[in-house]
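Here come two complexes built around chain A, the first alongside chain B, the second alongside chain C.
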Partner chain A sequence: MIVLARRLAQLVAVVLAVTFLAFTAMNTLGDPLFNVVGFVAAVDCDAVEAGEIEDISGQGGTTLGDCAVVAEAREEFHLNEPLPIRYGRWVGDLIRGDFGTSFKNRMPVSTVLADRLPKSLLLMGMAEVFAVALSVPWAIAAAYRANRAMDRASTIGAFGMLALPNFALGVILFYFFVVKWQIFPSRFEDDNLALRLKSLVLPALTLGMPLAATYFRLLRTDLITTLQEDFVVMAKAKGLSNRWIMFRHALRPSLFSMVTVFGLNTAALIGGALIVEQVFSIPGLGRALVEASIRDDYPVVLGATVVIATGFVIINFAVDLAYSYLDPRVRRES
Partner chain B sequence: MATPLLSVTDLQVGFATERGLLRAVDGVSFDLAEGQTLGIVGESGSGKSVTAKTLMNLLPSYARVEGSVMFDGRDVRAMAAERERHFWGVEMTMVFQDPMTSLNPVKKVGEQIAESLRVHLKRSRREARDDAGDLLQQVGVPESKKRLTQYPHELSGGLRQRVVIAMALACSPRLLIADEPTTALDVTVQKHILDLLDELREERGMAMILITHDLGVVKGRADQIMVMYAGRTMEQADTATLFSEMRHPYTEALLETIPRVDMASHSRLVPIPGSPPDAVDLGQGCPFAERCRYCSASCLIDQPSLEQHRQGHACACHAPVGTDAGAAAHAANHETGVTPAGLDMGTFATAVGEKT
Partner chain C sequence: MDTPPQVDPAEQFGVVVARRLGFGFWIAAAWIIIIVAAAALAPWLPIADPNETGVGGRMDGPGWSNWFGTDNNGRDMFARTIWGARVSLIVGFFSVLLGICVGGTLGMIAGYFRGIVDRIISFSVFVLLAYPGLVLALLIVGLAGQTLPIVAMTLGIVAIAPIARLSRATTLAYSEREFVAAARVLGATDRRIMVRELLPNVLIPMGALTLLGMAITIVAEGGLAFLGLSVEEGFSWGKMIVLGSSPRTLREGPWVAMFPIGAMFVTVLALNFAGDRLREYFDVRELGIGAA
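On to the complex of A and B.
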C-alpha cells in the first residue's frame, strides 16, 4: 500500500515536472496563436489600430477585422493571461479529466489521444513480443556455445542489426514485403483487429529487430557469466540435464540487465516510434506528437506528454516488481 | 580389500595451454571399497580437485583425460552425461567447497533439494518436498519444514553446507566426494560438518572421498590417505600407517603446518618454503625437490616413482623420511647449510620436527 502511494506521488511529480517544462518551452519559444489564426498572429494589432502601420487589407496582408479575429482567439485560448495562470488552468482542467482542445481542428485532445494511443501501444507490444521471442532463444543458443563459430556469427549479426538505422531497415522491409511481394498492406488498415495486426507486422519487426539485438547481447553475456557460477557446477554434479539447468537455474538470475533495458525501451516506444510510423503510414502517437510540436499545438503535446510520462512511471514500477520476482534478495528491502 | 567400488588406474588429466600441456593429474591410481573413506590431501594446485571433477565428469570438454575409472564394474569414462542421466547425482555425488556459492540464490532451498528426487527418482512434487524435509532433518537442520521455503541468503554458512549435503544425499549415493567441504566455514562449524559427513557415511554405508589440504581433517576420519603434489601421488597408505611411519618429506612438511595438541604452547608452525611448481614445466626431477630438506642431487634429475616398500604403503621419494637414505641426505644438507636445489636450510631452523 505504502509502495503504491509512493509510486503515485512519484507519478504526479514526474507529470507536473515534464508538462511544466513542455508548457513553458512551447509558449515562450513559439507562438501558439500563429497556428490558430495564421500569419495575422504575427501582426502588431495595436500598431495597426493606432495607424502606425499601413492597413494593407486586400493585398494579402492583414486588416483591422483580422486583428479582431486574433483578439478573439486569444480570448478563447486564454493566451492573453500570464503563463503561470494558464499553466494552473491547464492543470486544473487535467484534474477534471479535460485535456483541452487542439489548435489544429479544435478537436478535444482526449479524442486525439484515444485515437492514436491504442495504435502506438499495439505497435509497441508487438515490437517487444518480437524482440523477446527472437532474443531469448537466440541468447540461450549462443550462451551454450560461447565463443564458438555460431556465437561469433550471431554477435556480428547483432551488431549489424544495431547499426542499421530504423528508417533504413523500415524502407528495406517495406520495399520487399509491400512493394515487391505485396504480402503486407502499404498503409495502416483499421477495419478489424486481424487487419490491424497484419499491417503492424513490418513496423513491429523494424522496431523489434534492433531491440532483439540489444536483448540478445545483454542476456547472452549474463547467461555466460551465470553458467560459470558454482551453483551451476553443483547442478551438473546433481546429474541435472543441460536443459533443466538452463531453464530452472541459469535463466532467471541472468535476466536483470535485460529486464532493465526492456523497461526503458518499452516506455520510450510509447511515443517514440515516429520514424517507423512515418515510413509505414501509421497514425500513431509519435507522429501526432511531432506534428503538434511543429505547429506549437501545445494542448496535444502536453496531453501526449502526460500519457508518455505516466507510461514511464508505470513501466518502471513493473520493472521493479520484476526484480523482486527474479531475485528474492531484493524482496526484503522493499 | 574386496572388489573395490571405485577403481582409478593411472589417471592423467592435461589441459592444453598456450605454453604447453598443463599436467594437472599425472598417473594417479587408487581403489576405494564400499563404505570406506579415502582422504586426498595436498596444497592448492596439487590436482586433487581436478581428480574429483574427472570422476564427476565436470571437466571442460578441452581437458585431455587418460587412464581408467571403474565404478562397480562400469567404465565411468565411457559414459556420456546426456545418456547416463541417472549416474552422476545418483550413484556418485559431490559436495563443494563454498556453500555460499554452490546454492542457487534465487531458488528455494526445498526446491533445490527436491529437484534431484524429481529428476532421478521420478517423485511427484509433493513427495519430493516431503522427502526434502526429511533429508534436512537428517543433516541436522532445525525447523526443517520451515527451511524448505527459505532462500539460501536466509541461512547461515553452516546451515547452507548442511543443505548442500542434503542435496548431495538426496538420491542415496554410493559414493560421496567432498571437496574441501569445510574450508569456507567458521572453525567452530567445521568439526560439526565433518562429523556429520562421517555419521551419514556410517549410517548409509556410503563410500567417501574427502579432499582437503589439512592432514588433521582426515586423520580420524579416513581409512586411507593419498598425498598429492603437482598432480602426482607422493605417498599413499592407510591412515594409521601414514601417521605412524610417514615416509615422504612432503607429508612430513604438511603435518608441520598444522597445530597439534601435543606441541608446546607458542611453538611456531612451519610453513613449507616456496610454492608449488609450474604444472606446465615440471622438469625432470622430483616436483618437490626445490622445497625439500631431504633433497639430494639425484632428486633434481630423476623423478622418483611411486613404490610400495611394503603392502599398502607406497611412497615416491629417493630419500624417504625415517630411512638411512633420508637421514644421510638430511645430514649432508645440514652440513652444507643449503640443499642441492639451493634452498637455505636455515629456513627450517625453527622446525618443530627438526631432527639433527
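On to the complex of A and C.
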C-alpha cells in the first residue's frame, strides 16, 4: 500500500515536472499564436492601433480587423494571461480529463490521442512480442552450448545488430521487402485488423530486432551463470533431463536482468517508435508529436507528453511487481 | 564461473594489458582514426566536390570513377559520405563533451555533498530519464532551430542525465574510500578532494563512456534527421540516409542510402567495440585488484 502511494506520488511529480518544462519551453521558444491566426500573430497591434504602422505584412491587406482576430484568439486560448496561471489552468483541466484543444484543427486533444495512441501501442506491442519470441529461444540455444560455434556466432551477430540504428534497419528492410520483392504494402493500411497487422510487420521487426539482440545478450549471460548454480547440479544429479532443467529450473530465475531492461528500455522503445513511425509513415502518436512540435501546437505536445511520461512510470512499476514474481526472495524482503 | 589464476597483481596487470585490448580493439581504433582523419582532411583530399552536380551521370552505380556511385543529381556519393562524416562526428563529439562536463560535474556534486543538493539533482535526473531522450531532443530542436550548434547542444543536454547518474554512483562509491577520508583528515578542502582525489577516479569510467556515447549520439542525430530535424545547412550521414530512402530513390539507386548506412554502421560498431574494450580494460575489479 505504501509502495503504491509512493509510486503514485512519483508519477504525479514526474508528470508535473515534465509538462511544466514542456509548457514553459513551448511558450518561450515558440509562438503558439502563429498557428491559430498566421503571420499576423507577430504584428505589434498596439502600434497599428496608434496608427504608427499601416501595412504590416508588406503586401497590403492587413488591417485593424486582423488585430481583432488576434485579440480574439488570445482570449480564446487564454494566451494573454501570465504563464504560471495558464499552466495552473491547464493542470486543472487535465484533472477533469480535459486535454485542451489542438491549435491546428481545433479538435479536442483527447480525440487526437485516442486516434493515434492505439496504433503506436500495437506497434510497440508487436515489437516486444517479436523481440521476446526471437531472443528467448535464441538465448536458450546459445547458453545450452556456451562458447561453441553457434554461441559465438550469435554473440557477434547480436553485437552487430546493436550497432545498426533502427532507421537504417528500417530502410534496409523497406528496400528488400517493399521496393524489391513487394511483399508488404508501402504505407500503413487501416481498413481492417489483418491489413493493419500486415502493414505493421516490418515496422515491428525494425523496432524489435535490436531489442531482441539486447534481450539475447542479457538472457544468455544470466542463463550461463544460473546453469552453474548448485540447484542445477542437484537437478542433474537427480537425473532430470536437460530440457526439464533448462525450462523448469534455470529459465525463470534467469529472466531478472531481461525484465529490468524491459522497463529501462521503454524510453528507447518510445523514441524508436517515433522514428519507425516516420520511416514507415504510420500515423501513430509519435508522428502526431513530431508534427505538433514543429507547428508549436502545444496542447497536442503536452497531451502526448502526459501519455508518454505516465506510460513510462507505470511500466517501471509493473517491472518492480514482476521481480517479486520471478524471484521469491524479493517478495520476502519487502 | 572459472576463477582467474592468482598471480601477482602487478605482473598480472602487465600480462592482461597486452591480452585484453586485443586485435579487434586496434582494428576498431584504426577505423575510428581513419574516419576522423578523412572527415578532418576532407577539403584537402583528392575527392570530388560533394555539392557539385553532374560529376557522374544521374544515378550511376558504384564503379571506378565514382566508388560509391552517384545520386539523382549526379553528385559523387564517396565524397558525400566523407563530408557527411564531418557533421555526424562533430555532433557526436561535442554533445558527449557537453554531457560529460555538465552531467559529470552535477553527478560528482550530488554524490559528494549528498543531502538536499543530491535530492534536487537526483530528482531532476529522474525526471529527465522519465522522458524519452529523443522526444526531448525533438522538442528542443523543433523549437530552437536546426543549426549545427543547437543540434549538438540538444543531444548534449539529453546526455546529461545518464552521465550524471553514472558519475554520481562512481563518486558515491569512491567518497567512502580511505584515501578520501585521509585527505579530509589532513584538512583538504572539499574542492581539493573533489578535483585531486575523486575526479581522476570518476574520469576513468567516463573515458570509455565517451566512445559509447559518441556512438549513441551519432545514431540519435540520424534519428533527428528522420524526423526532419537534423542540421539545415550541410548534411550528415543521417540526412544522407533520409535523402536516399524515398521509395523511388531506393528503387533506382539503393547505393545512395546503403553507403551512408554502411559508413554509420561500421563507425558505430567500432565505437561500441572500442568503448566496451576500454571499459573492461579499466574496470579494476575485473582484474582482481579492486575495492573488495
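Here is the rule we go by: the second predicted complex is superposed on the first by the 312 of 334 C-alpha atoms of A that agree within 3 Å, B and C clash if a C-alpha of one lies under 4 Å from a C-alpha of the other, contacts with A are read in each partner's own complex, and residues count from 1 in each chain.
In the analysis below, contacts are C-beta pairs under 8 Å (C-beta built on N, C-alpha and C of every residue); 3 or more make two chains touch, one makes a residue touch a chain.
This one's a predicted model, so the numbers in the text were calculated from it and none came from an experiment.
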item	value
When chain B and chain C are modelled together on chain A, clash or fit	fit
Chain B versus chain C as contact partner of A:Leu162, first or second or both or neither	second
Touched partner set for A:Met234, first chain B, second chain C, both or neither	first
Touching partner for A:Val301 - first (chain B), second (chain C), both, neither	second
Spatial angle chain C-chain A-chain B, Cα centroids [nearest 10 degrees]	70
Partner touching more residues of chain A, whether chain B or chain C	C
Which superposed partner A:His249 touches (first chain B, second chain C, both, neither)	first
First, second, both or neither for A:Leu326, with chain B first and chain C second	first
Chain B versus chain C as contact partner of A:Ala127, first or second or both or neither	neither
Minimal inter-chain CA distance - chain C and chain B, angstrom	12
Overlapping contact positions on chain A, where the chain C interface meets the chain B interface	none
Residue ranges of chain B touching chain A (in the complex, touch as defined)	56, 58, 81-82, 85-90, 93-94, 96, 98, 101-107, 115-116, 119-120, 151, 153, 164, 167-168, 170
Residue ranges of chain A touching chain C (in the complex, touch as defined)	13-14, 17-18, 21-22, 25-26, 29-30, 159-160, 162-168, 171-172, 174-175, 178-179, 186, 225, 228, 267-268, 270-272, 274-275, 278-279, 289-290, 293-294, 296, 301, 305, 308-309, 312-313
Chain B partner contacts - residues on chain A that touch it in the complex	229-231, 233-242, 244, 248-249, 252-253, 326-329
Complex interface listing, chain C residues touching chain A	1, 123, 126-127, 129-135, 138-140, 142-144, 215, 219, 222-223, 226-229, 238, 241, 244-245, 247, 250-251, 254, 257-258, 261, 264-265, 268-269, 272-273
